[in-house]
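Worksheet: one structure, shown below.
Note that the chains take the letters A, B, C, D, E and F in the order they are written out, and that residue 1 is the start of every chain.
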Amino acid sequence: MHSTLMFILIVLPFLAAIACAVVPVKQVRSAVVVVTGALLVVASLLLIGKVPFETSFTSMAGLPLASMTQLADFLLLGFVLFLGWKHKHLGIKILAGAQLVILFALEAFMMDHHAASMAFVADPLSLTLVLIISIVGSIICIHAIPYMDNHEHHLHLTISRQPRFFAWLVVLLGTMNALVLTNDLLAFYFFFELTTLCSYMLIGHDGTEEATNNSVRALYLGSMGGLALLLGAVFFQNMLGSLEIQEIIKLAPSAGYAMLPMALLCVAAFVKSAQAPFQSWLLGAMVAPTPTSALLHSSTMVKAGVYLVLRMAPGFVDTTLSTYVALFGAFTFLATALLAVSQSNAKRILAYSTVSNLGLIIACAGINTPAATAAALFLIIFHAVSKALLFLCVGTIEQRIESRDIEDMHGLFVRMPVTASLAVIGVLTMILPPFGMLMGKWMAIESAAANVPVIMMLALGSAITLLYWARWAGLLMSHPLQGGVTPEVQPKLTKYPLVALCGGAVLLSLLSPWIYSALIVPMIDMVNLANPQAMFEAPYVTSKGMLGADSGVFPVAPLFLVLIVGMFLGLRVLKNAQGAREASIYLAGAQSRTAQTPDSFVGPVNQPVKVANANYYLTRLLPEGKVTCWVNTAAVLLALLLVVGGL
Amino acid sequence: MPIPTKQVTKETLVAEVLQLKNAGWRIVTATCVDLNENEFDLIYHFDKDLQMEHLRLTVPKGAPVPSISGVYLAAFLVENEIQDQFGLCFDGLALNFANHLYLDDEVATTPFCKFGVVRKTAAAE
Amino acid sequence: MAQTILPFGPQHPVLPEPIHLKLTVEDEIVVDALPALGYVHRGLEKLCDIRDYNQMVQIVERVCGICSKIHAMCYCQGIEEMMGVEVPDRAKFLRVIWSELHRVHSHLLWLGLFADAFGFEALFYQFWKIREKVMDINEATTGNRVIVSVNQVGGVRRDLSAEQLRWIDAELKVVEAQVRALRATTLDDYTVKKRTKGIGVLSSAQAMELGAAGPTLRGSGVAQDMRQLKYAAFDRLDFQPISYPDGDSWSRCAVRYDETLQSIDLVRQAMARLPEGELSVKVKGKPEGEVVTRVEQPRGELLYYLKGNGTNNLDRCRIRTPTFANIPPLVVMLPGLELADVPVVVLSIDPCISCTER
Amino acid sequence: MQAILDFIKSSRIKSPWLMHFDCGSCNGCDIETLACLTPVYDVERFGIVNVGNPKHADILIVSGTVNHRNKKVLANLYEQMPHPKVVVAIGACGLSGGVFREAPNVVGGIDKVIPVDAYVPGCPPKPEAIIDGVVLGLQKFAEKSLA
Amino acid sequence: MRLGPMVPTVVKNLISKKSTRPYPFVVREPFPDQRGELYCDIEQCIFCGTCARKCPSQCITVDKEQGLWICDPFACVYCGTCEEVCPTHCLHHKGAWRPVAGERQMIEMKGTPPKKKKKDAAKDAAAE
Amino acid sequence: MMSILGFLLALVVGVFVAPILGGLITGLDRRITARIQSRLGPPILQPFYDVAKLLGKEKLLNNSWQAFCAYVYLVAAATSVVLFFMQSDLLLIFFVQAVGAVFLVIGAMSVPSPYSQIGAQRELIQVLTYEPLLVLVLAGIYVHTGTFKISGIYALEEPMLLKLPLLFLVLGYALTIKLRKSPFDISASAHAHQEIVRGVYTEFSGPYLAILEIAHFYEVILILGLVSLFWSTSFVGMLVLVALTYLAEILVDNVSSRMTWRWMVTSAWAVGLTLTLINLLSLTM
């Protein structure tokens, strides 16, 4: 059973990818994607009942796994080297070359290859990620089917490049699943590199100059992360004589200098999670078709980074490293939130917000208490769902209005009522109680309250987050409803994923106390198991749908009750309000009296002037370029501190 | 008894005004007087240290007058006012309200003209 | 960058009068401001065709309710000059008394409105409370609080008794003390200074070039005041124009604040030196000729161009009011300001639209 | 329920929010209107607040002569006020055009554009008279049902 | 720069008598010679029409034939010109202002045209 | 956990008594403000008259979402007050209250009127300014009491004010912004005239404005409740502290001009964060 599940979760996507790539028929491809997605969902759900477990395979589908991976690893690096040569990118060439050498040294001189098997560990943490990757990831892939048609239609492509696209899309799912399940740091390294390659392929998909440049940047930065990871592995192998992740966590606290490789791993994670100063690759990823960005941002890729930190966190409880990680995460949270304020490009807002939220997760990992860990997990789950929803909404909107500037989305509700409403709900689930994101933030703040610098950054950051989200939600509705709303028709494969994600975001929030007892409590127990020094207790007790502790309570179910009552009331009012007299907007009495010029006032020279509304981007206060510069400098210093602190 | 003025012509107006400006005079305002069926008087008032200087320009109705708003930006307001009220047209107005400084479309006449009603003409763009 | 375009006026709570500005702002920074006028335009100058030159006194007085007395005085001086009438001395002094009282009430009114523009409600109320005393003086001595109608061609229509003079003196003492008590708040309070210092700067060169008038001009360091022309009884009163060099809203406020006290002082001087004599002379004949007269209004230099043609009706009556002159500087000052500063700067020129448009 | 409705009804005259619009007045009337709000007359005693926004106002106080440009503004503002509403015209200008009746750009009094409920004569009327006008307006306000 | 120099003033306001006049519960005596409501003592009027000619607002109509003195109180600006020029001093301003009205009004006074003697003049009818 | 009776009591007090109290306090505020300005001022019950009148006015809307948002604002405000009386988690109460703020903003933004939109943007900036300060004050309370629950504060032996004086100042700063009192009446001024007319409230009228007013009554209570926590040991102490704080707010309101939001953000963060830092460090050291 285990092996079947593992096969579906990891190997099936690769096979599906091959199918996508070679079968040129669109319907077949779509079917493959849908079926793979469905299987992934089922498999991941079935996995729930099975955790925790450990398996190891010497071979899969008759092939020797470990040596295959080794081989693939070298091939991969070689390919990266080739790409570096192809794009004439010195950095990539050096990084790939260095990795080749180090990997070779590691494999040839430092390891004994008796245990040629590959170990997988499925614990609540990896289960959570598998669920996110498989479910949210599949939904995104399905949404991509109509999206890509539109996309290519728009680009007037003669030969569809979709086979390639969908192949890489599903490969990414399989890779991510493998990455979160493996217990072998070297295998982890391989999958880590493979996600980098996927991102390179997906970002560069459109083949424009910008896309190519950005994909190369992603490859370059990704290789940096790879190098850091590999160096960490070398250190661990050297110090602890093992590359098994669970072993490392157990042994590291007692080993001198083990914090240095831990720090290197963290740096690798920061790169993958696009933390400052490495955020540029994620922003660059925006040129890709929206499913790519959605996949990279919400459920895969970037989650690999935070997963790594969270996975390793028990290994550095109560160390200076942990403090610095918390500081670094909090800083990124604040800094990138600030950067998001100055953006009007929807995808860039989403990108900065992703970075910012991942920063918050990393901060939680750094705070490294059970409550913070719980917060981190909640944030991972709910961020994935809400963010995927928002990305898909933006993608849908973008294809319709041909702009991703939120200033062009004023009054979108009138044109796209369904998508706009879903987007508004998506935004609200990001920032308001009783939804999961906010609960995660609430836990994070409560667990960081005693850490002065961190809490200050969190407090500022969360306020700024509210600013850039709320105004977006607001402007979507900003239109007089005089003319009535034009109903929106969407393809089923567009609509269902959106509705599913939206429903998921709300429903999961309601279920959060149960998620807590089902996933997070066992996870904390696992931590105790892994690290006997820790002796953590579950931070909250759940009763009557409330999460409670000595330090605070979060009455999820009661709040949902209020929410439902409030919604009911609100909707009734909304219905009642249909009878209200329609008034023109206040324009200092100068509104134009003719129907041809709505929302206009009579300006100088008796000419009608259409009013315009715009958000504040504080660009004079926070010019993106300058702020990025400072942020990066500060982040580099912090990261250096982190590595040095690891000594 | 008329006020002491210096007579100028359309051609010399701008140069004279420029000269005054360079000599440090401040523009106070301009006045338009409807003289008779054919002519307007345009009187420009300047001040320097409480002394006044007036330029008088007599123009036939219907002919455009060079604007001095290029020299003194401040003159745009009074020139627009004269356009509204007397239907005179100014050439090169810095900010042209096209007969709509004070008046709305309902007013199709030049209300301040005594001698005959001059139809409003679209102001020079 | 994303821009917000909004109509500022004609009806707007911070604007006591209808003026319209089409504002374009980015993050609340004004990038463009275009004015529109005409909401108060009546065309009253044209009434000289159907009202005789005596009736016109009442009409020009209603150009504006805040500076009404001085309009009438300027007009009467013009007609008197045209007709060669010499006004009795007592009338000249009385004209000064009432016109300076008018300035006091206008400035107090403005100080209040200015405070309101930056949201200092208590200060607004305080100034208006003080102002009520001046309004009482107006009402008691002329019969109306606002439109006093004391001027006529050839002199004044009302007299002040000795008792009234004493009462005015006493009342003005109170007013002066109360105004002085607000000096620190108006000119030295941290929050007020933050909102006015360095906001809406007009250099003296700009002010001259754009033809600014009155406190707007004097706030930019140009000490020019039409009272230096020594009309009415100003030749027999001590008077020095007040100016401040910075050219910002604060300076303009300081000029007006000081002028309030100065005007109170001028009223006292005039009352002390008030000669006995007739109130007016009989005027015979009909106005003929051209004249230009200027007086100092609370808002600055007022110019009347009058042309008589030997009948009871004037040929042309042209009024150039100080706000008319101050609109171009205003338009120049606005770009670059914050939206919140717009009312402050608009108010800082003390705009009087009914004067501007007549 | 009835008690609540009664309370609402009786509150109506206790909380008249007013908006003042200067419709081409010479300021004489405006400053007297403003003076009503200041400490010496303090109409907030009666719950009157100058809201400066038609959407919040119950009473529209208008002063001044109507001309072609501001009559549209006046109509706009009146339209944006929620029912029930009353209009108080003040000053000779607002009542009939006053001395400016025959000036070229004057259309006439306020009632040429919108219905007027109370007329306050004077040039300008004293603040006390304006208060009287508002009181008269309030009587009509109480009578008006929610149209 | 000072912080809160307004504090003494407001504290003084708080503890001293408020300046609000209790109008309409107490009505202030008008100042003497105030220009309130215009009033015509029609008995004295000789219908010479001077007031109508001199009125800057042109709001008086005098009909000598019928002995009518008509004034539009809504157009009158209470300037006092008519009062000044009336040869018989039959016009005055009352101290109090003219009461507010709910609808348009005209003051129409019927007197006796000067040709006839005044003795049999009917009581003047004030139209209000 | 709380008994059913306590729960019901909190519900009733929170839902019904709080707004009445809030209205009275607002009325008192207007009266005192008037006296400070040498005026008589409106009757104490004036806020209720206003609300009642508004409820009886015509419904006038530009976008029906306004109505929806107004009600959500009300529900959120009421919920936060009820949670407060249930002595729940302060941070949570504060987040629930933020729901109201967000919906107010969304409601104001749902109308394409520039004044209401600018008001909404400014409201967001106000939220941006006070939210971190409040969170930090709550963090300070946590550091001092070891919990975010209000019940934890009532368990204290001595008033919090003695240990958290600077944070109390920060709270005052934040509350002035939240109450929209001068110098921070930036997004919408209570009655004073403002360049953005009535900001967020511009486009709400009649019954919908009444809803917002009632929500505001709730917020006043919440805010004063928060203040009272700083002298949790005696009832008289609470009252005195609340009264003094509110008087101080009125006084500040009347002796300062309205500042710009740029100044607000920078000054509030600079002053607030410095004070917080000092106080937090002194607590944790």
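Methods note: a contact is a pair of C-beta atoms (placed from the backbone, for glycine too) under 8 Å apart; a residue touches a chain by one contact, two chains touch by 3 or more.
Not measured: the values here are computed from a predicted model.
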Shared chain contacts [chain A and chain F, defined touch]: C, D
Taking each chain's C-alpha mean as its centre, the one farthest from chain E: A
Most distant chain from chain D, judged by the mean position of its C-alpha atoms: A
Chain closest to the assembly centre - both centres taken as Cα means: F
For chain C paired with chain D, centre-to-centre distance based on mean C-alpha positions, whole Å: 27
Between chain A and chain C, centroid-to-centroid distance (C-alpha), Å: 65
Computed distance of Cα centres, chain C from chain B, in Å: 25
Computed distance of Cα centres, chain F from chain D, in Å: 33
Numbers and ranges of chain F residues touching at least 2 other chains: 36-40, 58-60, 114-115, 117, 191, 193, 197, 202-203, 205, 254-256, 262
Chain A: positions in contact with at least two other chains: 581, 583-584, 586-590, 604-605, 611-613, 615-616, 621
Numbers and ranges of chain B residues touching at least 2 other chains: 97, 100, 102-105, 111-112
Full enumeration of touching chain pairs: A-B, A-C, A-D, A-F, B-C, B-D, C-D, C-E, C-F, D-E, D-F, E-F
Chain A to chain B touching residues, read off their complex: 604-606
Complex interface listing, chain D residues touching chain A: 21, 53-55, 72-77, 79-80, 82
For the chain F and chain D complex, residues of the former touching the latter: 30, 34, 37-43, 46, 48-53, 55-60, 191, 193, 197-198, 201-206, 209
Touch list for chain C against partner chain D, complex: 10-14, 16-18, 38-44, 46-47, 50, 58-59, 62-66, 68, 109, 112, 125-126, 128-129, 132, 135, 144-147, 352, 354
Residue ranges of chain C touching chain F (in the complex, touch as defined): 4-8, 12-14, 28, 115-123, 125-126, 129, 185, 189, 191-192, 194-195, 338-343
